[in-house]
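Shown below is the structure under consideration.
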Amino acid sequence: MKFAIQVNEGPYQHQASDTAFQFAKAAIENGHEIFRVFFYHDGVNNASRFTLPPQDDRHVVNNWASLDIKNAEGEPELVVCVAAALRRGMLDESEASKNSIEGNNLHPAFRISGLGQLIEAGIQCDRLVVFGD
Amino acid sequence: MLHTVNKSSFERNSLQSCLNTIDDTSVILFIEDGVINAANNANSSMIADLAASGRVFALQGDVEARGISPKLADNIKLVDYAGFVDLVVEHGTAVSWV
Amino acid sequence: MATKKFMYLNRRSSFGTVYAIESLEVVLIAAAFEQDVSLAFMDDGVYQIVEGQETDGIGMKNFSKTFHALGDYDINKLYVSKESLEERGLSESDLMPLVYEDEDDDWEEKPSVKVVTNDELKAIMSEQDVCLSF
Amino acid sequence: MLHTVNKSSFERNSLQSCLNTIDDTSVILFIEDGVINAANNANSSMIADLAASGRVFALQGDVEARGISPKLADNIKLVDYAGFVDLVVEHGTAVSWV
Amino acid sequence: MATKKFMYLNRRSSFGTVYAIESLEVVLIAAAFEQDVSLAFMDDGVYQIVEGQETDGIGMKNFSKTFHALGDYDINKLYVSKESLEERGLSESDLMPLVYEDEDDDWEEKPSVKVVTNDELKAIMSEQDVCLSF
Amino acid sequence: MKFAIQVNEGPYQHQASDTAFQFAKAAIENGHEIFRVFFYHDGVNNASRFTLPPQDDRHVVNNWASLDIKNAEGEPELVVCVAAALRRGMLDESEASKNSIEGNNLHPAFRISGLGQLIEAGIQCDRLVVFGD
């Protein structure tokens, strides 16, 4: 089956992102397709390449990156909502330079896009599962 | 439908809201702090009938993490993450009571 | 693209958390996809469409007026839990008078908000293909 | 002591937990979604006695933001942010029921 | 520096949110400041010190064993709500046997956990100078 | 009076940071001192200089910065917990270079320090007020 996943909370503060990751991993291991993971609300904070957890803890951002979820064009299908991202200081190079900010923090396994990508995922997929607080 | 509940009914009203609108064929899966609802406690009566009809599941990893394994209420079925995926496949639309 | 039934389940009030405003932002985008869209307001979510929200005192944006725009986007199925209203000492007359123009009925203005019992809501939810929770 | 409650008693148990452990001289201030507890509703009896003795406050900005002004329960005293500061000054230790 | 009474109020379980582990991190730092430290476990917070937590299945760090270190830091006033335990079908025997060595009593090992009623907790809370909530 | 404030949640997702800001502002306007604001848990996300809210919304990070809370040495007393910050990808120049990360996102009105600063604030101040979810 084709799954879409929505993640509403950031890493560490809530278990939502961990559970979503375990779900996605199990789905892939059992022969399903993860069409897209959409990070909304504080979920956008899962995409930071600045994240440095203690050595003895899991690395939530790297966990997501390890799933290597991409589309046929090779683009990441770990998608971060642009409006939610800007509001919370999650920037890729293009958004940073557009807004004259020095630096950026988006992990390369993710991409920033619009809310339409969430709706499209809901339409395209057999199931959409939401993980939140 | 598959209804996931991720909070304790002692802390939040999400389980009650789920029970208010769950139809006769849907199942419930407790995840995260929702597994506190799978323990034998003062709120167990909320889900006893649904559990008796085999419609209540709990995520095993979350149950173990909270030390609830020896306290599990009757008729709760444990699943791992692969079992979670299977439930989503089998039961159609997933509703998250976040 | 296929048409699916999308439900947006709103259970939190407007300003304590971001979920209400960011849910509304999804709904407005969703309008462009020509799917079958329903909104459910349960629990404290019913406060999202209460009349008379004023945010000057808390320094936050008052997005509640945006609900009036939904009718123009053909989003006109707003279901509100009767039980949730009653518990909170609210009735339909406390809600914003949200309307849409019915193109199948000579563009007559009709109410978008429908107060339903939890049993009615149960039936509506059972028909949905996708449920987005906020 | 000053007890602040920032959640609705319909959604969470924090108001109940506060009431379980509040002593006879402390006051409660409702802030954020906690002001839903200041409305006249099915849970109003929880705080009616405390309010009657003048010990329940609500943050005016939050009350207005939620359209609750016309529905305020009896004996709730409204304060602005400066009044919030004064309550913290007057009542000693602040306990947040987050 | 003056000595103050600090209370750490823990109302959430261990793994659903970060509050439990980050509360414990504060408590361990607090030990170095030689203040009067109490911990209260109420509501689902009582699950933080339940025996037998195993996190292999969720891929998260099992920090519950760290509570055993508190005694070595002279943090030995852990108050647990009796009512919260009972509602959850738990009793004192379900909790981790946390202990400290009493330097005023020939280093005898004594329990750090004390189950108290909400009324007793009320009295303890009333004495505090600072309350940190998690 | 001398106040300490603890903020447990990030900007926008919860009202906690907004309320804490309004409280701090009112305290200062009424002649009190804000000795320190300590950002813990997701509260560390209030310190991002990448934050770009929509034009018609409040700017939570700039709100905090506008209070200009500093100590006698001129250092900011908007203090971000280092452990919570690293776990969530909030870095100053020093932490970034220490961990070989390119770029950083801490707003200059804030500084990163240890949890001891929270306890110290609790000891030094007449009141500590916690804002959270």
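Residue numbering begins at 1 within each chain, and the chains themselves are lettered A, B, C, D, E and F in the order written.
Please note the rule applied: a contact is a pair of C-beta atoms (placed from the backbone, for glycine too) under 8 Å apart; a residue touches a chain by one contact, two chains touch by 3 or more.
These numbers were taken from a predicted model, which means no experiment stands behind them.
Visitor: Treat touching chains as neighbours and tell me the shortest step distance from chain C to chain D.
Guide: Steps on the shortest route: 1.
Visitor: Let me check something: if the centre of a chain is the mean of its CA atoms, which chain is farthest from chain D?
Guide: A
Visitor: Please tell me whether D-F or B-C has the greater number of C-beta pairs in contact.
Guide: Per the contact counts, D-F leads.
Visitor: Report, in whole Å, the distance between the mean C-alpha point of chain C and the mean C-alpha point of chain F.
Guide: 35
Visitor: Quick one: chain B and chain E, Cα centre-to-centre, how many Å?
Guide: Each chain reduced to its C-alpha mean, chain B and chain E end up 28 Å apart.
Visitor: Give me the residue numbers in chain E that touch at least two other chains, ranges are fine.
Guide: In chain E, residues 11, 15-18, 43, 58-60, 130-131, 133-134 touch at least two other chains, as defined above.
Visitor: Would you pick out the residues of chain D that each touch at least 2 other chains?
Guide: Only 6, 10-11, 13, 32-33, 61, 80, 93-94, 96, 98 qualify.
Visitor: Provide the list of chain F residues touching at least two other chains, using ranges where the numbers run on.
Guide: In chain F, the residues touching two or more other chains are 8, 12-13, 15, 19, 22, 41, 57, 83, 128, 130, 132.
Visitor: Is the chain-to-chain touch network here best called a line, a ring, a star, complete, or other?
Guide: other
Visitor: Would you please name all pairs of chains that touch?
Guide: The complete list of chain pairs in contact reads A-B, A-C, A-E, A-F, B-C, B-D, B-E, C-D, C-F, D-E, D-F, E-F.
Visitor: Show me the residue ranges of chain B that touch chain C in the complex, using the header's touch definition.
Guide: Those in contact with chain C are residues 1, 13-14, 17, 20-23, 26, 93-98.
Visitor: Mind pulling up the chain F residues that touch chain D in the complex?
Guide: Touching chain D from chain F are residues 1, 3, 8, 15-16, 19, 22-23, 25-27, 29-30, 32, 127-133.
Visitor: Going by the contact rule set out above, which residues of chain C touch chain A in the complex?
Guide: Touch residues, chain C against chain A: 1-2, 4, 6, 18-19, 22, 25-26, 29-30, 32-33, 35, 130-134.
Visitor: Could you pull out which chain A residues touch chain E in their complex?
Guide: For chain A paired with chain E, touching residues are 12-15, 18-19, 21-22, 56-58, 63.
Visitor: Taking the touch rule as given, give the residues of chain E at its contact with chain D in the complex, in rising order.
Guide: For chain E paired with chain D, touching residues are 9, 11, 42-43, 83, 118, 121-123, 125-126, 128-131, 133-134.
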